Structure formats: structure tokens, C-alpha cells
Amino acid sequence: MPTQSTSPHLPFGENKNAPWYGMDILSVKQFSRTDLEYVFGVAHEMRGMVERVGTFDLLKGKILANLFYEPSTRTSSSFTAAMERLGGSVIPINEVKYSSVSKGESLPDTIRTLECYADVIVLRHPETGSAAIAAKAARKPIINAGDGVGEHPTQALLDLFTISEELGRLDGLTVTMLGDLKYGRTVHSLARLLTLFGARLNYVSPEILRMPKEVMEEVADKGIVQTEFGSLEKVLAETDVLYVTRVQKERFEDVADYEKVKGAYVIDPDVMKAAKSEMIVMHPLPRVGEISPDFDDDPRAAYFRQMEYGLYVRMALLAMVLGKA
Amino acid sequence: MPTQSTSPHLPFGENKNAPWYGMDILSVKQFSRTDLEYVFGVAHEMRGMVERVGTFDLLKGKILANLFYEPSTRTSSSFTAAMERLGGSVIPINEVKYSSVSKGESLPDTIRTLECYADVIVLRHPETGSAAIAAKAARKPIINAGDGVGEHPTQALLDLFTISEELGRLDGLTVTMLGDLKYGRTVHSLARLLTLFGARLNYVSPEILRMPKEVMEEVADKGIVQTEFGSLEKVLAETDVLYVTRVQKERFEDVADYEKVKGAYVIDPDVMKAAKSEMIVMHPLPRVGEISPDFDDDPRAAYFRQMEYGLYVRMALLAMVLGKA
Amino acid sequence: MPTQSTSPHLPFGENKNAPWYGMDILSVKQFSRTDLEYVFGVAHEMRGMVERVGTFDLLKGKILANLFYEPSTRTSSSFTAAMERLGGSVIPINEVKYSSVSKGESLPDTIRTLECYADVIVLRHPETGSAAIAAKAARKPIINAGDGVGEHPTQALLDLFTISEELGRLDGLTVTMLGDLKYGRTVHSLARLLTLFGARLNYVSPEILRMPKEVMEEVADKGIVQTEFGSLEKVLAETDVLYVTRVQKERFEDVADYEKVKGAYVIDPDVMKAAKSEMIVMHPLPRVGEISPDFDDDPRAAYFRQMEYGLYVRMALLAMVLGKA
């Protein structure tokens, strides 16, 4: 039912009575606060079931086509595990670039073929807007697993679910985002989602990697307080959630500029002495040096648990769009 | 039991009492009219089961090795889905060219290794005759999923099954094949199969891409009327099945020749006004321009349903060779 | 529980009461004679179950992450089949080199992510010691499926299990190893394991591919008689197990040297006339010419059955580390 869920005029969450059955998951913009609470409620139940029984047959007999036009082992594995933990099966399609499917065939044709075989399609594609194109062609539900610099809604949902599960609440938190805030798709989505919960946002980044104007304006319109900083020390003590992203050397024209700033964006046990004991450190992974492995055993290090919460969110979404939650 | 099924002297269908258990599916030449009717009967039941329950455990506990020496997402996904919809499991082997299996190991050795793990092997291989070589080595059934310019029997069967399901009959149809009839493996196989049902065949192609002499002679020997045309308009009105294939620019020495003819082989709603309302348009997919997407919503556009019929035919064959149908 | 199983001071087999639950399988050095007998007992039961029912649900609901940093179709397929024959599911991760997981992410981070999704991880990695690094990071069991020139314990176990099943005993056998004994990881591991059973070992190889000094010294320390030969004829008649490996042309500086010796290391029906009727010929596969296909139908040719025994050993290990055997 692509019309309903992709329409900007009838966002997903506004029809409170609509079942999630057959819906596409294309963008975090589909989700109202009520929707998010519903997803997280289902995901929380999934967590409980996995902890108790590991796997159960909620989606037995259902088939997921896991269609990845670019490799992403983490996301692909997470969806595969989500489907398998619900008793369903997976058609893995990871090597699309070598395949005849990619030889000139349009994305809608590929989607219309795969929906002959599968009950739901997860799509990762390098081009922005691909997921919406796929959803328009499909009768079966499409879940966007990242389309270029566009959306990656399940990542945004798992980030928010992590906060909810770890801190027990989403309202009124102080969230500090650190590192590359310009190119980081995850921090843009998370900032937008947090506006629904009255957060206070701190942005700590090098000058050239500041949070984009359009994101800040959108967030400001919702009445959210945002403050920018060049270093972490002024805000770490008050932070409930520290969301770390990678500062890539390649973003800097002059390597000397990179060398100058990089140390300011590395988290280790020493830096974290200034933080509260009741807070969490998140990271979308993979990390390459921006969080020291020495910090991994600290209870505040939530980034591996974050991966696990991703499993539960994806289980919830699969069950929902297949009419089983 | 490769001896029996690969022997030209004892074709599969001649032993009416033989079970299909353990048989190889190597060539459409194995199939008599009675065999085809049997396969299509089972495939029709599979269609009914999938429409009613989606998936069922007919092959629970059985394992398919899906061995693709060249990528073919469509065929590979279709067999994977077929096995999964029957409750069975799949060992996907898609990256053979990078693997040690391909480093000098003979195909028979690879097959004899894989049959230690699996109950049935689907093989796609670039070299003609590979499936027969594999079947000779194997104790477990081999299903040929395309061996070079050789056979691709499940494609031929799904084409015929599509006609059977869509039009409700196979006898006495007027079938028009359009486009590249010289290199198109699918049209050669379909023409041969249709001789069993007394069809009338029209061939519409550029001069340089005409149906090969040897196919035409073989078909003529069965008493089938074949007529060649340079354009569609003379035959479209009487056509029950229009089978479209792609005319590739690369086939033409002079691009100007291609530009001159290409328009004559494009199907769109306007062209289709001249056709009957009770007929179907088929295409093996992928298509690249030879059928306008504007025609996709026409009830006569059967090419995506054709993909779905492929699922049912492959389910039927898997169940049959594993002794469950 | 990596500490226990990777510790050189508390080898696996010394704690007789310890369950195998949660253990890593990293090296053949973990296994005492009693351990081996236990593994082979379970593997023998697996064989019986597969022969009777094909597949059963011992590991239903369990998920294996099959993580291959380098391709190995044979080993990967074998683990996939092992998990599927036990009713479990697999996350196939074969294309690591193209994936973001490999872009700078450390192995421990990848492992900690995947264990969020899976219950057990099979790891193939080009670098020696990788499996131990993975096991140190992981809370879930790791099974080493080959780490560079390091260990490949399941290959060594399946070799020994093959002998046990084929000859009905492991004690006091005369085992002749033929071919490249210098670089062949499998013969080094097998020689070490056989010291537990009082074997008599013959090494037949070209001068430049002799069994390494360190392996011979280790084996000699256990009181095992080892004798080196330049050709097979002197020892074939007394041999219970002939283990053939490939002599690669690339190992020779001068191709003429290779051409001179290669004939001495090829097994065919004629050569085998000098062997006993109650003995077996093994090979880790793939083979490329060192055993003539003409010998394949001889009952003594055990190399394809060897692949099948590998399935049972891997089923046993998966069941054991997941607490089900």
C-alpha cells in the first residue's frame, strides 16, 4: 500500500486506526510519537521473547527478500537474524552488482519480480529516493535499509529505542552529538526524532563538520534548544546520551587541520570521568579509533547493546508490516 | 539416476510408471506431453497452496544446494523461494568464481562434494553440457538452471505453464514470437515444446535475427505451421500469445541498422490496440525498453505473473524429484 | 567462555566434568584422546540420524553466523548444511571483503556485533591467530574454520573421524602421508592427532617438500615412529591409510624439477594394486590430478565419504557448543 505510507499528506501515524499490515517503512517522517511508542512497545516484547526463548515462530512461512545493491554486512545480517528469530526465511541477494538484475533492469521491474517470490522486501540502494520508487512499484511492503544520503529509518529507530531501553525514558533528555555532524545521516535523523520528546541538543564538532543549517532550522521550529560547541568538556557533565560519530580524515582539505582537531573527538575512560554515572555512550558503528576499546567494558558503553536493540526493532517492523503485531 | 533421464533412447516420459523420484531435470526434451501435463498439474496445486497458505512443510528437512557459477539473481531467487515455500532449506553458493571450488576443481568433484551435504542440486553454469556432466557424477538429482547456450528447461516449462494458466488451454494457439529469435534460448525451447500442442507459430524479427534454420526444421517435422514476418502488424490481431524478447544493439554490425528497426519491436498501449482482449504478452525478463511500462497495468501484460508461475513450476519439480509429488 | 578454552594452562580436555556448552573450538590442541572419542561418538550418532531421517530439530531456533573473510565454498557449505540438518538457521556472510565490516573495523568489533544476532559464530580468516582474537572478544562460542597457516581444527577432526568410521579403529595404524608435507596444514594436524593413538607414520614427499622439523620433533617426543621416503612403493603394501595431498608446481623454483617428480605422487588403479584391500585413500580436496578419477569407484577411495564425515563432525561440534549434546 505505497500510496498511503509514502504520501506526504497522509503520514503514517495520522491514521490511528490503520493497521500496519502491508505498510512500507521508508522514512522516520512517517512516525508520530504515538507510532514510535507502539514500535518500541513491540520491540520491547521482541527483546523479552528473544531473551526467554531465542527464536519463535511468529513469521513461520513468511519470506524476506533481502535486496542489497551495496554491501552492508551489519544491516543485512541484522535483518536476516530478525527474520530467522521470528521463524521466517530469507532470500539473500547481496551480489546485485554482478548480477543480471543490475544489467539495465529498472528497480521497479526487479521489485515486481522479487515480490512474486517474497512476502516483504528489505532494500539497500545507493541512490536517494530508491526506496520510495520501489514502494510505488510494489504490492508487498518495502523496508528502506538505507538509500544513499537519504533515509535509513531503521537505524534512526534503533538509536531512539536504545535510549528508551537504556535510560527508561525519552522525555527531556540532554543529548550530545559528537564528531562529524555534517555528513552523518544518523545524527540528522536522531535530532529530528528527538524533537518529539522535548530533548535538549548539544552539537560538538569541528568547524567544518557542523550540523547543517536545514536540520537545525527544522529542529528549532519544534521549539528545541540547540547549542553548538567546539569541544566536549563544557557539556559532558550534563549529558544523558553521548552520540559519537567518526571524524573522517578525508573530510579535511588540509590534513594538518585534521591532526589538530582529531584528539578532541576521541572518547576514552579518562575523558569519561567527567560524565555522569547514569548516562550512555552510543555509536552507529563501525568505529575506527573514535572510542577507545579500553572504554568497552564500562557499563555506560552502549554501542554493542545498540546493535542488539537494532535486532529487536527490525523484528518488530517485520512483524508489524506482515500483520503479526 | 542420471542414466535414465539423460539417455536419448529412454526419455523420461516414456516410462509412465516410473516415479520422478531421484530424476534429473536436464532438458525439455525429457518431457512428453503427458509429462508436461503432470508437471503443470502439480504446479497448479502448488499455486493453490501458496495462495491459500503461503508456505507449507512438504520438503521440511530437505536441503537444496543452489550452485551458480554465473550470477542470475532472478533464477537463483526463484529456486530459493521455491524451496523455502516448501519448508526446505538452501545452501546458497553464488560466489563460485572467487572460491577455491573453482580453482581447478572439476565440476564432477564439486558435485560429489555438494551431494554429501544436500538432497538436490540446482546448477547454473556457463558451459553447454555442464548439467549432463554433473548429472553423470551425481547420485542426487540435478536440476539444470541454465548451461550456457544449452538448455534452461525450467524457463521453458514456466513459459508453457504461464500460457496454460492464463489462457486455460495449450492446444491450437497462435503464438507470435517477437524480437531476437536467433540468439534467444527461450524462444527456441518454447517453439519446440509447442509442437506437442499443435500451435501455429509466427516469427517477427529483424532479418539478421531470424529463427535459426535447425529450429524451424525440427518444428516443421512435427507438422507445425510457421510463418516469418518483418513486422508485427499483420499478425497481432490473430495472436493468442505474444512472446517478446529483447533486440540487443550489440547484435548489429552497423548501429544505423539497429536504429532503423528497433521501433518495430517495441510494445506499448497504442500498438496493443490492434490485439485481442483475450490474449497475453509474455517476456522472459529483464526487459530494457522493448515493452513500455505504460502497458504494465493492462490485464494482458502477463510478464510479471510469468515470474510467479516460475515459482510454482520450480516448487513442482523440486517436490517431484525428491519423491514428494 | 573464551578464557577457559583458549588458555594453554587449562586445556579443554582436562576438565572432564566441564560441559562443552559455550566452549570455543580453536585448535586441535584442545582435544585429549577422551575428548576426541566423545566428539566422534556424537558425530557417529549424527551420521545415524542423517542416514535415518536426513534432518532433525536438535538446534531449531539457533542461529549460526557463518563469517568467511576468504572464500571456501566447501567449508562454508559444510557448516551451513550441518546447521540446517540440525534444524537451525544460518546468516551467510561470504562477501566480507566488499563490505563495510571490513573497512577498517576491527575483528573484535565485528564479532561483538554479530554475536548480537547469532548464537554461534564460525570464522574463516586469512590471518593466523584470528580465531583466538575473536574468541577473546566473544561471549558466544567461536568455531575456527581456518585461520591462515594456523589451525583448521574441524578439518583435522574430520580426517581422524574418517579413519575411525572407515577402519573401525584408530589405534596402531600405519598411516602414509604423500605429496606436499611441508605446506600442507592438514597433514601437520593429522600427524599431531595420531600421536594420541600410537600410529606408525610414513612420509613420502619430494626432497623440498618434506615434513617440517618442528612437526617431526613434536611427534617424536610422543614416541611415534616416523620414516621418510622419496617414493611410495616401499610402504604402500603395509599402509592402512594413504593420505594424499597436492604437489603444486608453484612450490618448485625450477619447473624441470617438478616435471621430474610429479609422476611419483599420482595415485591410480595401477599403483593401488600394490596396496592392501582393507585400507583407505584420503585427500582433503580439491584435487587436481594427484588422484586419477579412474580410482574413484574403488571401495578404498574414501575422499568423497571424507566430505560427508566432515558434515557429521561439524554437526557434533555445533550441537556440543550449543549445549545440545
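Order as written gives the chain letters A, B and C; numbering starts at 1 within each chain.
Here, contacts are C-beta pairs under 8 Å (C-beta built on N, C-alpha and C of every residue); 3 or more make two chains touch, one makes a residue touch a chain.
Being a predicted model, the structure only gives us computed values, none of them experimental.
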Quiz item: Copies subunit B, subunit C: same or different interface, half of numbers shared as the threshold?
Solution: different
Quiz item: Nearest 5 degrees, what's the C-alpha rotation angle taking subunit A to subunit C?
Solution: 120
Practice problem: Indicate the whole-number Å distance between the mean C-alpha point of subunit B and the mean C-alpha point of subunit C. | Solution: 41
Quiz prompt | Residues of subunit A whose C-beta touches two or more other chains | solution = 92, 94-95
Self-check item: Contact set on subunit C toward subunit A in their complex
Solution: 60-63, 65, 89, 91-96, 98-101, 103-106, 108-110, 112-114, 116-119
Quiz prompt | subunit B to subunit A touching residues, read off their complex | solution = 53-56, 71-74, 77-78, 80-81, 84-85, 92, 94-95, 285-288, 293, 304-305, 307-308, 310-311
